[in-house]
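Structure, as structure tokens:
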């Protein structure tokens, strides 16, 4: 196990220690166990708070999107495990500026059950909450069961747009609507080339033979829709972008933003090879790329692979996407 | 070979295609083969240009540090190979605003020979040049042969400080002096947990058994000073930081900036575990951490591992480090 | 059974259950993310710690409430939230009474089952823990079955039910994403429930002899 | 030898030399970064392409200049820069003359050797290409050795010299970082030079018979 760690059971806590030491100007702890963090200036009086959360092992997801123009707070679980409702409640309390709190996170059973419980507890304390689930992974369910899809890297666009809406003073319904619009217009598909090893388990979460790829893989190594011999970067990009443009029903004249995301071990260089092809494919069908993002936005520890996300933009989403934002991990 | 690439021989060119498509607002090509890039607004009239360069496979190094408050231009070689003198000359010409050009790059034979040649050619065209070599890798030579050391991730500090000096209008001597001061006060040491595979060669550049680590590894997989069983993150950090503080002769009251850098496949989470320990070690000896940087700043394709860099700051270097900077890969 | 007896039984049974960690991890890794082993081992450890810290002479309701709250937080996950919530719902039916009798146990189990069904939005046959629980709730409620046979019958029927989940396709949680590839593997959550019953059975027998 | 003959000889020899790619990669990987194979194969390909594009009847100087410039740019690296620069320096001594005779070849080789020594700041015994070149320059300059034996003697002495580099510790370039671990491996650059001489020898013999 090629990992730079100490006690696997202390892994997440040590990560958070390091993070708070490094970024105390921008982030502060909102729970004695540090499993709830908020931006240093939270709560923002009179503004809607946005709380996200999920398992660890996906940096910069989730806590990397806590900052100005982004989320207000985050609850942090163990590697690939949901945070507890209690931790979510702590993040909620510290993020509440009196205008309610949006729960914006990925569609995973454990997270949903715990956030629902946290919402009940917040309600009892007089903090109104709404929930919007990111469910952008095209590979995880067919269009007629789109609500069952997993949330993966495309949640970045929802953070960016909803965060900008909250920052400019939209109310809870308004922020939730923006988040829902971003989610509804976002699709992602990934490819995995190697498995992930959980620090605590010490074994790969799945097997992938040398020279094999899994198209549609999830960010915990969930199986996708096709496993076969590794293809060229162009052929892989064709598969990913093809599935996305079909599902989004993109047509000539549409305006989009594109995110090419590395899953962990794949070099940044390779992500640009993918971007090159994605750009050409969208260009070919007359789709305008308003903004490209290339880098690691949602990882799966040391998994090799990548994903492509596309969001279709109307004028409002475009403005919100263009707004400034700043966290220790993302700046625009 | 778990790589998302097309033809290995076209790899770097395709990376550059993607990069120019994605970042044409910030970067432009200065050579027909795209192997010389400059910031979009280059040359800056009356300001010193800074040209860097080296082999590919290290993103965001080198081209990621071309931007405002950073370098002006870059020459881009194949994976782990020097660019040619001709390519360096193209970057030089496009970066020259009339106040001379600083060559700031890492101490590698091929790069030195080619940059020296490029300097001769630039001279013949009336562009004065100075050269400062980053040589921060403590593990690559003992203190009495410090000039022979390799340049690795610590070059970031030299870019940041020299770039800020050029931006505020220092002359060529002045920018070179700042770069030299940054280099003189910077030390780095790394650890490798797995080898790199060159796209064109298709084989690992060196062997490292499962469960082994190489302390002092270079960013092309050059051997270090100790190979042995993988230790805990804390024990590894103790080795790296210990070597650095010894070599820099850090004492209580010193002010530093710290960079914990991932070599490619190591998750960001693990880098924070290292930062946590590095922070504690420096704190223990009374050294003040003015700024931490944690992330991927100089990689070696998909190598697993990390490095720690420390720069000792005086007031001038502190100001320059704090100055704003922006490239597609780094923003402050 | 009073609260002290229940605490001792739960403590012992969870000690036994912890040994299923690797099996549950592997089962969950085959169709999900492999964390069920950790959920069960951390959850058991959390429950045992909190139970030990309870005052002397707790009520059965306190034991169940404490178990639910601490299992939910041990290693939060689908299973942790569902089982934690189920125990809290069960504790409610027990109330403040000092004794847990057969009827109380049956009502508690029914409430736990309903809680999981409601919160997880799952149906029988969706290949979840519910498929293993359903026959055991019936057994607990059936007045035909004597108290002393109850646990043994529950174990037997749960075992059959778990075996039958192999043939099903997962329709809930992470395993649903695997689609048809989930067929042929028993449901990890259902298996965890079976292992809990086996542990309770072994502990109860040990306690009673 | 006129420029057309030299061009043909170089073209053929580099075609042979390309076969050493994997060997040179492995040697360089053992003590350096493994790119020497690419440097040689890309460099050879670049030279052959540019030589083919030259006008008919080039001078020997033009052939050497073109070779140097294109080898340096093929896959830029230490070896590419040193060898490219060396060929340019050698081309200078040849000037515009239409024939390259023994004396001219010796002067050219000496200039090439000096160029590498100056630009690389290396000494004999530093375990570099210079250690293989040194005896061959002497052979070229020695009037005791007849023209027809020259290449064979150069190959023989270079081979011995390469073998002797194994015992040395690298003091220049990437291999110097390996320190004592470089002992026991022959120098990759010196080996590349030997392979070039062997290829020239084979091609010259093939051409002459």
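By written order: A, B, C and D. Residues from 1 in each chain.
Methods note: a contact is a pair of C-beta atoms (placed from the backbone, for glycine too) under 8 Å apart; a residue touches a chain by one contact, two chains touch by 3 or more.
None of these values were measured; they are calculated from a predicted model.
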Both-way neighbours, i.e. chains that touch chain C and touch chain B | A
Top of the farthest list for chain A, CA-centroid basis, is D
Centre-to-centre distance between chain B and chain A (centres being mean Cα positions), rounded to whole Å | 29
Gap in Å, rounded to a whole number, between the CA centres of chain D and chain C = 76
Counting in whole Å, what is the centre-to-centre distance of chain B and chain D, each centre being its mean C-alpha position?
-> 32
Residue list for chain C, restricted to those that touch at least two other chains | none
Quick one: label the inter-chain contact graph as line, ring, star, complete or other.
-> line
Which pairs of chains touch one another in this structure?
-> A-B, A-C, B-D
The chain D residues in contact with chain B across the complex are 25, 29, 32-35, 37-39, 72-73, 75-82, 85, 119-120, 172-174, 176-178, 181
Give every residue of chain B touching chain D within the complex, in rising order.
-> 77-78, 80-87, 108-110, 113-114, 116-117, 140-141, 148, 150, 198, 200-201, 203, 205-206, 218, 220-223
Which part of chain B faces chain A closely enough to touch in the complex?
-> 1-6, 11-12, 14-19, 21-23, 56-57, 59-60, 191, 193-194, 210-211, 230, 232-234, 236, 264-276, 279, 292, 294, 296, 299, 301-302, 304-306, 331
